[in-house]
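In what comes next, chain A is part of two complexes: it sits with chain B in the first one and with chain C in the second one.
For the complex of A and B:
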């Protein structure tokens, strides 16, 4: 080939050569965080997953927001508030310096609109129960009250929001700080309907704006410089990068493509503990991992069998030798330290008592006990194998492990198509009531499909301590451990905080090369 | 002619094609080594777990991830289970799947191919197009779908794998039968008025046995690989049971910290596959004179 010919050939190739090196997005000053579950929506009233609220909390904020140092929620859009009538009426004063990203002021009417939206049946808000402490709210959702003026939400002027609750609720601020209470911009929602949360339409009131959303790849947000607290936003933007499993995520972290991971593969925990302890962070979570027992099926409808299954376990060895990620054995259903709740009882472990109860229920030594299935989603087999073996050894019963895809597993839990199931309970806000509510008759998260009239009465009377006592006595579920979140943070990231309720705090987070 | 032939046969102490083949095989050192290794492995897998004091599901949570040592020769896994017993037990499953699935494939493939090749004409065309169609289905997805519909059961796993592995066997048998059925001894059998099934199973198939045996030994490792692959995807045996596939999967996740979890199952699996392939190659050289290298 002649020299001229070669040059022509190069010229021809040039555009292709350029495209060979994969164009990576701009990274200077940008925090790269991994995401696990692809958000189905970024609409605060429709979102359910922690992964969705990670992004939503960067884009928007509510009246109050969880405090990064724990304790009572701190002011956000509302600058101050009063509670009267024994914590049944709450008046929030909006600061007036909170703006939507299109320039509009955030008003009290915006909150009224958002709460009404969450309680409108057509919205089908999955977390509408978080608004049920408002006077007449459940009635409005169920259609027995049709005039929203009767619901306890009012905006006397642009900067005052008055919320009247059905009864005294001292921990209402925790509720108001929860994700679904984050407001939406009414005009945008009216104009674009369900598509308002697409990047081209999104209007929020937070410290970041939505730039790009490539499903299953990344969500990019950029610092919003006009936010009243933008001086504490120390990064220029955040990329939420999708990684569907812990192993690829960990490899990407090692290759320097990620600043903060979602988790650490359990098998890599020891490696990081020994070799790079400064990368590893552990946050105890208010998340209870438990076994749901399908109380509609024989023999699990017998309380003696349910208690025997729990009594036979050894939770301490399970957390210390098998799970090994800083999880704490659960002897109650509600995690210690959640809200102001103090548990009254704690579960015991006693294999002899378990064998006695099982014999009493008609299965001495496990003879005649049907082969039940213990179903799970594809993450947790070793711990369940340990439980399987424990039951085989202590009670003489065999269970089969069945792995199902996460969505299938959840659907099966909801309709009761299982025997025993590994499940998890994450409270939506810092209160024991939220967790214990889920076991009331007919609640959509009542996976054991358990129904107990005295329990329902205790919950209705907010007698949580006695309710949990009854729950642990009747044992429709077996608490195993309180989860902990292990994740990796690059030392260049400073000021990163996550709390026990899966909230991430983006203020004062900085990158130092 | 008869007398001279029989006298020469006596002089050569009764040589038959089978005896020749056995001599050729015995001269092939690799093939013999493969066969011996396989026998030893199979014996270890069958007898080993009986002799060990540990059960395959027996956990010792105070002794997890123990490196190879004097109590646990190959170390223990995440739940303190003895890896040696689990590897041997996994070998039972993997070898069992290999043999059963191959038997299913062999039965279906030989009968189907022989019938198609013997009948010829339109019947042959239809039967072979069916094979082409099944060939065109993505193999793995087909097995996964079968497992999803039939449920996860170890017996069904054998059958499902066998049911997709018979296609090549059917083609090989058909081509053999097609060349054989033109030969004089078949004409003779027809003239004698034998039934079709007698001609196929008594006269045709025994003459095609060489390629069938060879292909069978090559199918077993392919099937074992497929089982390992399915187990690797989480579709194989259920915990706490183990197969080489699930053991290798677990080991691969933890290999950076606990090398023994990957090395031992992987080594045993590779050794088995090598042995089967050497034996298969040796058998082909011994039985199928036309394709032999020397």
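For the complex of A and C:
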């Protein structure tokens, strides 16, 4: 027993000995923000998730950057710019006061390098389609154009970048402000390859430098005092803490370990609203939650059925009584205020008209209507149960709810293996075109598998307003609501801003004890 | 004994081979892939990505390539994290899970064995009832209830420890207790059962008749046989406790292997799924082997043949 006892004693000591030597993170003047998805990478051209760009935007900046007060993007590395040829040629003038964190000046050539990198097939940049409006860019990615000089990107000198687009694009600035347009430091990327974005090699041009990255634990950035706007960086650093569970995150917030959360658990929303309203912030998102209708299946191939399903809903009750998180009912597909887009029509709700259309389609009172499946990813189901109940009551039809694991659901949407599906659309940048493009024939995100030649023509002619009108008339999808983001902010944090496209703003954020 | 161990080690190879093969093909036949996302990646870009990771090759060739690389000890690149390899991720996360698991195991053994022995020796007394009820409770209350309760009380109400995280030594206390309690409950029940069985046997009566003291009977004669069911349980138990618990790691925000394992399945990170499965399998097989050896050592009626 003594031998075994000693062994037990050693077992007991060893973990504590190991843990005592570990360094604790400093906290003074450090803003502690929660994240949900662990960043796969901090490389702007390879990143895809909002959580990745939360960190990347602290470390680097592009030509222009989203404005914290909304509207047109504001200058960043480029101090000013002009567009000619009916918004088809854009000339950016770099201020010359933007530096990489190793001391190099940010040049126009750095942007040419970064754009070329995003369009090089070997980079396999997932968001390279955000560069496709540049002349010859898709052809370069496909390999039909091999000389990058033919692509519409040129740097006549260190401080001038000329971008020639394939066609007139008035909202090009929104594209240029999107995350994947953030440049990389060419020499660092050439030297370290894919490992350049590790903390020991990272070189950015932003207001913070990367200090530490412990996967699934935290990412730490520190104020870069040489940044030209560092006087508006009022915190000494930021810790991005990885919380993949909302309840754990909320407990950490209550224990004082966290300044800003990513979300509020739905079950605790009312409690905070009533007991601690000053902690709670709500930001409307440019995210449309909708029902995709599989237009290749009977009876959803009948436009009368599709319209009946939409007319029978009550979106206001859905957002105010069921979802209850500050979401707005969606009577258009494109969220209000996205870019400069102004919708021309909006959906109506009319159960009588819905019953009439359903009867006309051959299902009076819902008789003979097949039992369809309404599939979803693991999301709170009351909202879908409300829709199920509404259709049962108003139209006399039955749908079955089916919950599938997230990627299984997405894969089923892509191949059309569903009847009705709950889906979400988040634009990559602030433009209605990005959302409406998805419903063109054969687009990979055209989940309803809907094909309409007139719609394709309208989109090709950038006549977005008429395109959306046609879309809402043909109803391959039923918009439900525009999502909102609820999160908690400690009162010690001042000046915190997030926008509808998942950008967090770090300038002028301060901590007061 | 040497022949026994060598033979058992040789048996590990076909077992692992079957596990790797089954897992390799199972993860591939799950719908969706590593690059499935809310916004679909355009086909031409997807083609580049697949070529980059060798997913454009026929499945059998990918399988052979994978077998070749694991034979060299290389578990491949992660599909989710472009600049990290599976070896690196496991090397990073396994120590965290080992640390948590070792602490929980110490708590589980200390609590479980003590209570189990006490309950058996003081059978049908209030002590037995108390220990047995605690054991039953420990088995019934799931970790996702116990963990948050402990956090609410010690982390938020009293403020003695952090609600979550894995930085200071104090951060280890609640997760280790939560994980340890569950195992302690099983160990307690098994110890009590095993001890009761042994205490009723003839050789114990003989020892008593010869005038051996009660403590000598318990520790010297009974415990050795009474622990056999616990040892059998500890084989897969230790492997499970050391390789991390998804629930505990999520509740306490611990950067361990359990979270990586479950998330890798959601992310369709094929190589990371395979890497963790191989690790789990190896540990389970290894722990079972150790348990077999210990059992023979404890139980003179067993032989290595």
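To be clear about the criterion, the second predicted complex is superposed on the first by the 489 of 513 C-alpha atoms of A that agree within 3 Å, B and C clash if a C-alpha of one lies under 4 Å from a C-alpha of the other, contacts with A are read in each partner's own complex, and residues count from 1 in each chain.
Assume a residue touches a chain if its C-beta (ideal position, glycine included) is under 8 Å from a C-beta of that chain, and two chains touch if they have at least 3 such contacts.
What you are looking at is a predicted structure, and each value in this text was computed from that prediction instead of being measured.
Asker: Are chain B and chain C a fit on chain A, or do they clash, once the structures share the same frame?
Answerer: Overlaying the two structures gives chain B and chain C room side by side.
Asker: Once both structures sit on chain A, report the angle chain B, chain A, chain C from C-alpha centres, rounded to the nearest 10 degrees.
Answerer: After superposition on chain A, the angle is 40 degrees.
Asker: Applying the document's definition of touch, where does A:247 land relative to chain B and chain C: first, second, both, or neither?
Answerer: both
Asker: Touching A:215 in the superposition: chain B (first), chain C (second), both, neither?
Answerer: In the superposition, A:215 contacts chain C only.
Asker: State whether A:428 touches chain B only (first), chain C only (second), both chains, or neither.
Answerer: Second partner only, chain C.
Asker: A:46 in the overlay: touching chain B, chain C, both, or neither? Say first, second, both or neither.
Answerer: In the superposition, A:46 contacts chain C only.
Asker: Given the touch rule stated above, what does A:412 touch, chain B (first), chain C (second), both, or neither?
Answerer: So A:412 only meets chain C here.
Asker: Examine A:317 and indicate which partner it touches, taking first as chain B and second as chain C; both and neither are also allowed.
Answerer: A:317 contacts chain B only, not chain C.
Asker: In the superposed arrangement, does A:197 touch chain B (first), chain C (second), both or neither?
Answerer: Touch partner of A:197: chain C, not chain B.
Asker: Which of the two partners, first being chain B and second being chain C, lies in contact with A:141: first, second, both, or neither?
Answerer: In the superposed model, A:141 contacts chain C only, not chain B.
Asker: Check whether chain B or chain C contacts more residues of chain A in the superposed model.
Answerer: If we count touched residues of chain A for both partners, the winner is C.
Asker: Does chain B (first) or chain C (second) touch A:124, or do both, or does neither?
Answerer: Only chain C is touched by A:124; chain B is not.
Asker: Just to confirm the geometry: in the superposition, how small does the C-alpha gap between chain B and chain C get, in angstrom?
Answerer: So the smallest C-alpha gap separating chain B from chain C comes to 8 Å.
Asker: Using the superposition described at the top, list the residues of chain A that contact chain B and also contact chain C.
Answerer: Looking at chain A, the two contact sets intersect at 247.
Asker: Across the complex, what residues on chain A touch chain B?
Answerer: Touch list, chain A to chain B: 247, 265, 267-268, 270-271, 317, 321-322, 378, 381-382, 384-386, 388-389, 392, 400-403.
Asker: Could you list, by residue number, the parts of chain B that touch chain A in their complex?
Answerer: 57-59, 61-62, 64, 78-80, 152, 234, 238-240, 253-254, 256-258
Asker: Could you pull out which chain A residues touch chain C in their complex?
Answerer: 1, 8, 11-12, 14-16, 18-20, 22, 24-25, 38, 40-41, 43, 46, 48, 121-126, 128-129, 141-142, 194-195, 197-198, 214-217, 241-245, 247-248, 251-252, 254-255, 257, 405-408, 410-412, 414, 424, 426, 428, 444-445
Asker: Quick one: in the complex, what on chain C touches chain A?
Answerer: 30-33, 35-45, 48-49, 51-52, 80-84, 89, 92-93, 95, 99, 102-103, 105-106, 109, 148, 151-152, 155-156, 159, 162-169, 172, 219, 250-253, 255, 259-260, 263, 266, 268
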